[in-house]
Every structure is written in structure tokens, then in C-alpha cells.
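Below is one structure, written out as C-alpha cells, with a few remarks after it.
The chains carry the letters A, B, C and D, assigned in the order they are written, with residues numbered from 1 in each.
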Amino acid sequence: MNAIVKEIETTDNYILLTIETEEILNIEPGQFVMLKPKYFDFPKPFSVIYQEDKIIKFLIAIVGEMTAELKKLKINDELDIRGAYGIPFIKKIDKNKKYILLGGDCGSAPLIHFSNKYPDLIKEKIYGFVTPEIQKILNIEGLHIDSIEGMNLLEKAEKLEISEDTAILICGSLNLIKHTKNKFKNKKLYASLEARMGCGIGICKGCPIKTNDGIKMICKDGPIFDLSEVQLEW
Amino acid sequence: MVEICGIKFKNPIIIASGPGGNGKELSKHIDLNELGGFTAKTVTPYEKEGNPPPRIVNVKSGILNSIGLQNPGIDKFILNDLPFLETLDTNIILSIGGDTKEDYLSLIEKLNNSNAVFFELNLSCPNVGKNGIPLGIDEKSIFDLVKEVKKISKKPIFVKFGVETFLENLISAAVNGGADGITLINSPKGMKIDINKKIPILKRGFGGFSGPSIKPIALATIFIIRRKFKDLPIIGMGGVFDYKDAIEFIMAGANLVGIGSGVMSDPEIPIKIINDLNDYLKNEKYENILSCAVEGYYV
Amino acid sequence: MVEICGIKFKNPIIIASGPGGNGKELSKHIDLNELGGFTAKTVTPYEKEGNPPPRIVNVKSGILNSIGLQNPGIDKFILNDLPFLETLDTNIILSIGGDTKEDYLSLIEKLNNSNAVFFELNLSCPNVGKNGIPLGIDEKSIFDLVKEVKKISKKPIFVKFGVETFLENLISAAVNGGADGITLINSPKGMKIDINKKIPILKRGFGGFSGPSIKPIALATIFIIRRKFKDLPIIGMGGVFDYKDAIEFIMAGANLVGIGSGVMSDPEIPIKIINDLNDYLKNEKYENILSCAVEGYYV
Amino acid sequence: MNAIVKEIETTDNYILLTIETEEILNIEPGQFVMLKPKYFDFPKPFSVIYQEDKIIKFLIAIVGEMTAELKKLKINDELDIRGAYGIPFIKKIDKNKKYILLGGDCGSAPLIHFSNKYPDLIKEKIYGFVTPEIQKILNIEGLHIDSIEGMNLLEKAEKLEISEDTAILICGSLNLIKHTKNKFKNKKLYASLEARMGCGIGICKGCPIKTNDGIKMICKDGPIFDLSEVQLEW
């Protein structure tokens, strides 16, 4: 589907991108879309930080070729978008618990979306970034800036107090996920996983994760998983 | 609209083996009954869990994949996947892969009574073969395999090849063995290195390279083979993303056109191609676009 | 900064044979003395007027060429082109092509006293060979040719190959014959069809395919060969357009990196690469980026 | 070199494109540049209809992939440009003659450039287009619209009267060139030729033309040739 850029704010390493889609794509927090500039042949997966009607916002870290191109977008430039894909967080998580949201860098995007839509399920928000750079484009409650707090996200996570009715929902680096899983062995932990994707819809077998129930696809069976059901190492 | 080996296809557009899965997921996005055909992902005698991630790497106008033939194995395929495929109102092609001749024979036996229209022998599995030489690049093995397979198969046999130096000899071997058609091309080997980490991105170093980048190679391969084998049914594929690509493949010599990576890029691509091709063919007869190589232009 | 076969190169970036011509025209746009080396366009015993136009076709992230080895022939080359090349303060590699062993021997004799550093045997000329099998894909011919050439050559011999099925056997033949190094890859065959005119755009049907599209194929080829031949000097090329590409080639196993189509796209690309690579190498030692394949990662 | 789009006017089949280059490229009438959108890997040749300081204008017919992409350009979009290449018309032609300019479609571009810079050398201007569509973006003296004049450019060319001090300078289809050459066998005729190009600077041997003096490259030795020195068929 066609979409056009409505607004784009950038810092050296981040983009806050607002687009308008041709038709409404209903996106539940945790779902992602496949996105590409017109002149790319294959799209890549991006979570959504905000969606209402035809407006969708993304928070994107500039890490490689396509994200560098996304940074160059100007207002009215066209994109291809398809989705929403993946299982909404709300469909997999235990709704009787309150959630500590642990976002690493742009992994915070779907968590921000989630916290806005389901404020009652939230106990604490921690959106971790290394430097204050992100504040230029993102001004929300819950920002954890390593250089300001004097500790990084792993250290912050270590210090979390988790009561019986609390669970953690993580989206960030594999390192963050593993570290947290290790620390809170008997707690309810969910993570939204990432993988290089081909199709985004479960047909190509490109984004595998080992689970207790065999190999699953992160795009179709995730991206959110209960950490007790997956093996993070292959 | 197209007939090969006595089988009618409503249009020349089929899903290539692999990137489209086994139909169930894709059917949530498009109506598979509109397709000329659907090739299932290569099935092997036993379950394969496939290669460790990452399995997909984006490169310029293409992707590298290292799926490693992940599949449920023939028995689970028959139980869980085949029944769905058999309900479809489109021609099913079953792709099979193995390590030995016996593997292929046993797979055919188990699938012989399905309502699939063709078998496609995928001889490009990385781990297939004897003495380190894959079946797919050894004339004698190809001939033997196809001959044996033909003895028991109730369906026409297609053999799928990659780009090889003496490809026409390999295809001759298949044809002499009794192959009814061939599929061209399987993905060439491609690689990308993470220069920051100083390692290849794929754990095996290289993977299969597909998408628009390989289209010129696929077309040249099909064109050259079509000149030598005027009447051999050819399923052509490699970077088909729009109807113009499909027409190029037909003109180069393909009877059917497979969409592989295209359906990964956008699951609606096959349907768009079918519709656009229909419009195009309203002005042109299908026979008129068959084919550069056969017509002898510049041959 | 790089030394191979006893020859010092100021940097690993050279111009590949063909797309850069014989230097005079390119020297109006960049300072050739900044290059690690310059490979002249393949020269043949007699003048070749080349193929009829069109000779260039644009495809996705690449071009197809059908130049047909247009060149003035060895005598005019020596008269008009070599003297200019010899004035350059960069290493000259002379690429030679012929139809027979005798062709190569006579070319070497005529060029033996030039100040070029290497000879490169281009065995991928379309019209070269015996019994229809090009020299470059026949082990015995390669072995014989290289052995004879080595007897008279005063310079190290590089052999240039395309992507072939049993490439390592061909390279072994060259090495056994005495080859000092190899050049990988020559352009694979590619094709584009004008669907309005219903004919291939190139009059010969297909042409040589080069540019960023073929980079993954070139890298995989070099990587696989480097694993087998740990110490063989390799000149790598295929779609190098920026310094990151060059680093990938070095990591895959190339000692020198050739720029072909890149210099056609923008004549300043080689200089940009040299400068960017210099900056990169200020932090990294050259040895540190040598090389994925040899270091055995994921091998 | 970088350039940005300053203005773009389009019809169904044509583009009048105005760009501003980073630095001044001095372009003599008859010379061309190699142009590409940023995301293309290889540039293509285009003549110039106007250049002053950093401003360059092109008249482009939409015929294939790249020209279709050029049509989509928006103001401030970036392009890569290099040049000028080729021999200026003025360096090859006989300056003692007056010229009838015969432009076929967008082949008119360099002729328009030429007539503006060297008005004294011009006897007649004929810029032929099939339909009046071009008038939406190009309003100049000399337009010949087939459907208005009731004859096509070949017919118009046939009717030309050529005195001794007159020469013809053609830029258009091979058909137009051949036809005119055939009709005016003993006259001084120049044509600016086209070819699919790789490098544009004579290094790749991609744009050959047979001449009385052997094979020449259209990019380096042309694009203008005295029609008595070239063989148009190969």
C-alpha cells in the first residue's frame, strides 16, 4: 500500500517518522509493518509507536542501508507499506498482571504504543537510550538516559523489584533479553523478538526461533514470546 | 490458457518452490485459486529444522537466503500440508529433495496418488550427492535418477537446475532419462560480509541469491537452453516482480513463470502480475510472445 | 602497502580490464598515478572492431555489455597505448586474449619487455577455444596454456575466470601449470529483452553482466576459492562501487580489488575508494581485514 | 556532482526539468551530461536545453525506466550529474554557413540551446513533435506540431529548400537522419547522434559509430558528426 511522509524529525542516529497511509491499517501494539522506500525491492520490519486512522508513527534507529535511506525522506515522499503483522501483545500476555515495560533503544517503540493504549496494565515504563540525543524528537514519560542516570539499562533492570502480580515485557537487544531472563528466572517475562525478515507473514521460513514446541517464525508466531517457551541461542 | 505436458494452466504464473511456503499462510493474503499453479516447498524424507539464523540478508535488489530446506518431512507434509493444497483450484507442483536416488523414489511413491500435476526434482540441495558432487551437476547421476523416477512416477517429472557451466549437457542427461520438463533457475550462490564484525553475515558464509538482481542471469540461461531444446517445457524464474518481467521470461523461452522472492517482497505481486498480464494479452496473443529464442531472432 | 608476487602496490585498488579503457581518456578525469594499478583492456593479436551497437544495456543495479573486445590489436596497442601506460607511476597489468595457445605466446613475446608488472590471461573471450569449449573452462587447455606461457613470460601470470561449476578444478589446473595468481570474476552472462520489439536488446542475445547486482556472486566465488587456495594471490572484482565494497572483497579473500563498471558509472569512484579506504585503514591494519575465509570463520 | 531539482513541469510524455548544480558546469550547446537519480547505479546521457551559472534545464521524453523515475522527481530532490561531455556543435560545424535546425522530439533540446547561444548562425528552426502536448511546457518559436501542421517531420524535411550557404543540423530519430541524408545527398548535413551509453567519456567503448576513419565513440568523438563521414548502418 502507498503511504506518504507527513512529518520527519531526525537526529544523528534516530528518526521520528510520521506517514499517512492510503487506507487505514489497524495496528495493535506489538504488531509491525513491512516498510520500504519505493525504490527498494524488499521491505523491512518496523514496529509502530502510534497509529490513528491513516496516520502511523515510527521511531527508527539508523543502523544500516535502509534506515540511512529512510533518514533522507522528505515530506510527501512515497513509501510502500504492508501489515499489520504479528500477534498483538495483548493477545499473548497474561492480562491479570501489571507490566514493567523495558525498552532498549528503538525497541521502545511498540512498548510506547502499548502503554498508550493499555495504561491500566502498566506498572512502570523504562525506555532506555544511551545518550540524551533522543530527547530532541521524543519527549515522553519513562525515558531512561544512561548518561543522565549514570547507569545503563542492564544495571537498571537488575535493580527492578518484581512482585507476584508483576511481569516484564522487554523489547530490545538480545543481550538485554538474556540478561533480564537470567536475573528473573522465576518471573513472568515476555519479550518481543527481532530477526532479519523476508516476508513478514510466515511463508519464507526466514525468521526462526527455537521453542518448546519446535521451530516457530518470529513474524507469524511472535514477535512476542513468553520467555519460558523459547531458546534464545541456536 | 497454457498447456504443458497435457496439463492446462489458467495462466502462466505459478509460485516457485520455497518462498511461498505451503500455501496456508499465503492464502490469508491472496486467493491462491487465481494462480496458474503453486509449487510447494521442497519436501525431504525426514524433517529438517533448517539453518540457524540469520536466514535472510538483504543485498542490492536481492536477498540471500540460508533457509536450509526447513520442512516437516514427507509424513507430516502429507498429514498437515498436502490436504490443504489439494483443496485448491490451481495446479499443484510438488518439489522433492533428497540425498540419494532411493530418497527420491520413496518420496514419489508416497506422493504418487496426490492430485498434484507435476513432480519437481530439486537437485540443488546443498547436501545432496555422492563423492561431494551434487546430483544436480553430474550427468550420470541425473540420468540414472530421472530414469528410475520415471519408471514409477504417475506424473510428469520436472528437474530444477541452477546456473552451471555445462548446463545443456546436464539437461540432456535429464531429458535422456525421460524428464518431461525443467525448471530454471535455482538461486546462484551469493555472499555478504559484515565489515564491522569481519565475518560473513550468514553462518555458512554464503546463501542462495534471488530477486531482481539475478533476472538477467536467469533470462540468459533460459534463452540459451531454449535455443538448444526447442520443445522442452521450461518453468522459468528468477527475479520476476512485475508482468513485464514475466513477459521477458516467456519471450526468453519459459512456458510457465515462477514467482519466488517476489511473493516475499509483496504477497500480492503474483495476483498483480496475473491481472496485468491478462490486460496485456488482450492485445497480444499468447503465441505471439512465444518466444525470442525459438523464433530464432539473433540466434 | 600491498605486496603480491614481489610487486608493491601503493594501495589495493586497481582498474579492471575493459571498462577503464587504456588510460588516456580516463586520465583526463582522474589522476591515474593515485591508483594501486591499472589493467589495460584485453588486447588480441589482430584488431577487433567489436560488436555492432547497442553495446550497453542498463538493468537493475547493473549493465550488460556486448563490446566484443574492441581493440586495436597488439601492434597498434604497442605503438599508441602502451607508451602512455608506461609513463604512469602505477602498476600496469596487461590483459591478453586470443583464440589459441600460439596467440597467447606471441602476445607475451611482444609485451615481455614492457614495464608492466603482470600479465593477465583473459580466458573468457567468447570466441576462444577448441571444439567449442572455451579455453577457460577446460582443465587440460588451461594447464597446457599456462605451462607454455610460464616458460617464456618474464612477468607473473594471472588467469582471469568467470563463475564456473567446477571452478576450483580449473584454478588447480592453472596453478599446476604455474599460474602466479587469478582474477575473479569476469562478467556472468546476462540478458534483457525489449518486450515491445519482442527481441533481445543485444544483437547476440546476451552480454556480460556487471555492476552492483553481481557483487554477492563475486564475493561468494572469491570466498569459496580463497578457502581452498590459502596463499594464491587473488584479484577480486564485481560490482565494487565504494570503499565498503572493497573491504568486503578483501575480507572475502582478494589481495587486490578491481573496479570495472564503477569507473563507468563515475570515473572518480576509484579515487574516492582509495581515499575512504585510507581513512578506514588508519584505524585498522590491512592485515586485520585479511580475511574472513582464510581466518576460517564459519568455514 | 550533486544537483537538486529547482522546478519540474510534466505532461504525460515529457518533462521540463530545472536543476541547480553544486558548482558551475559550463555546457556548450551540443554537449551532454550524465544524469541519474541518487538511487540508480548508472547514469544516462541527456542534452541540455539551457544552462546559466548553476542552473541547467533539460527537456526529457519519458520512454523507459529512468525517464519514468525522473518524471516523479519533486522540488529539492537530489540527482547525480557529471559532464559536460562531447564536442560542442560550434567546434565541428562550418561557421560560414547558416543552419536549418531539424529537431525530432526531445532531440530538439540541444538545438534549442544552440539557437539561443548562436542566433546569428540560424536560418530556420523546426522542432518537431507529434501532438500539441509539448506546448504545455515548451513555448518557443519553431515548434512544428504534426497534428496541427497536417504533416510529419519527414514530410516537412522533404520540403526544405537548401541554398549553397545553408546546412542542416539534425537531432532526432535515426529514421529522420537517414531520411534527410537521403533527400539532400550533396548538402552539408550534421547530425547529433544518440546511443545507449555506459561511461559518456570514451573509456568503455560502449557507443560506437562507423566512420570513414574507423570506429569512433559517439560520446567522445561526437555526438555531432558530419553525415558524410559516418555510416549509419552497422
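One rule holds in what follows: a contact is a pair of C-beta atoms (placed from the backbone, for glycine too) under 8 Å apart; a residue touches a chain by one contact, two chains touch by 3 or more.
All values derive from a computational prediction rather than experimental measurement.
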Rounded Å distance, subunit A centre to subunit D centre (Cα mean): 52
Where subunit A and subunit C are represented by their mean Cα positions, the distance between them in whole Å: 46
Interchain centroid distance [CA atoms averaged], subunit C/subunit D, Å: 35
Where subunit B touches two or more other chains, by residue: 60-62, 212
Set of subunit A residues in contact with two or more other chains: 41
Overall pattern in which the protein chains touch one another (line/ring/star/complete/other): ring
In contact (per the touch rule at the top): chain pairs: A-B, A-D, B-C, C-D
Residues of subunit C that touch subunit B when the two form their complex: 59-62, 64, 137, 163-166, 188-193, 195, 198-200, 202-206, 209, 212-217, 219-221, 223-224, 239, 244, 247-248, 251-252, 288-289, 292-293, 295, 297-299
For the subunit D and subunit A complex, residues of the former touching the latter: 37, 39, 69, 74, 76-77
Contact set on subunit B toward subunit A in their complex: 18-21, 25-26, 28-29, 41, 49-50, 52-58, 61-63, 65, 67, 70, 211-212, 241, 261, 263-267
Residue numbers on subunit D that touch subunit C, as the complex places them: 41-44, 65-66, 80, 82, 195-199, 201-209, 215, 220, 234
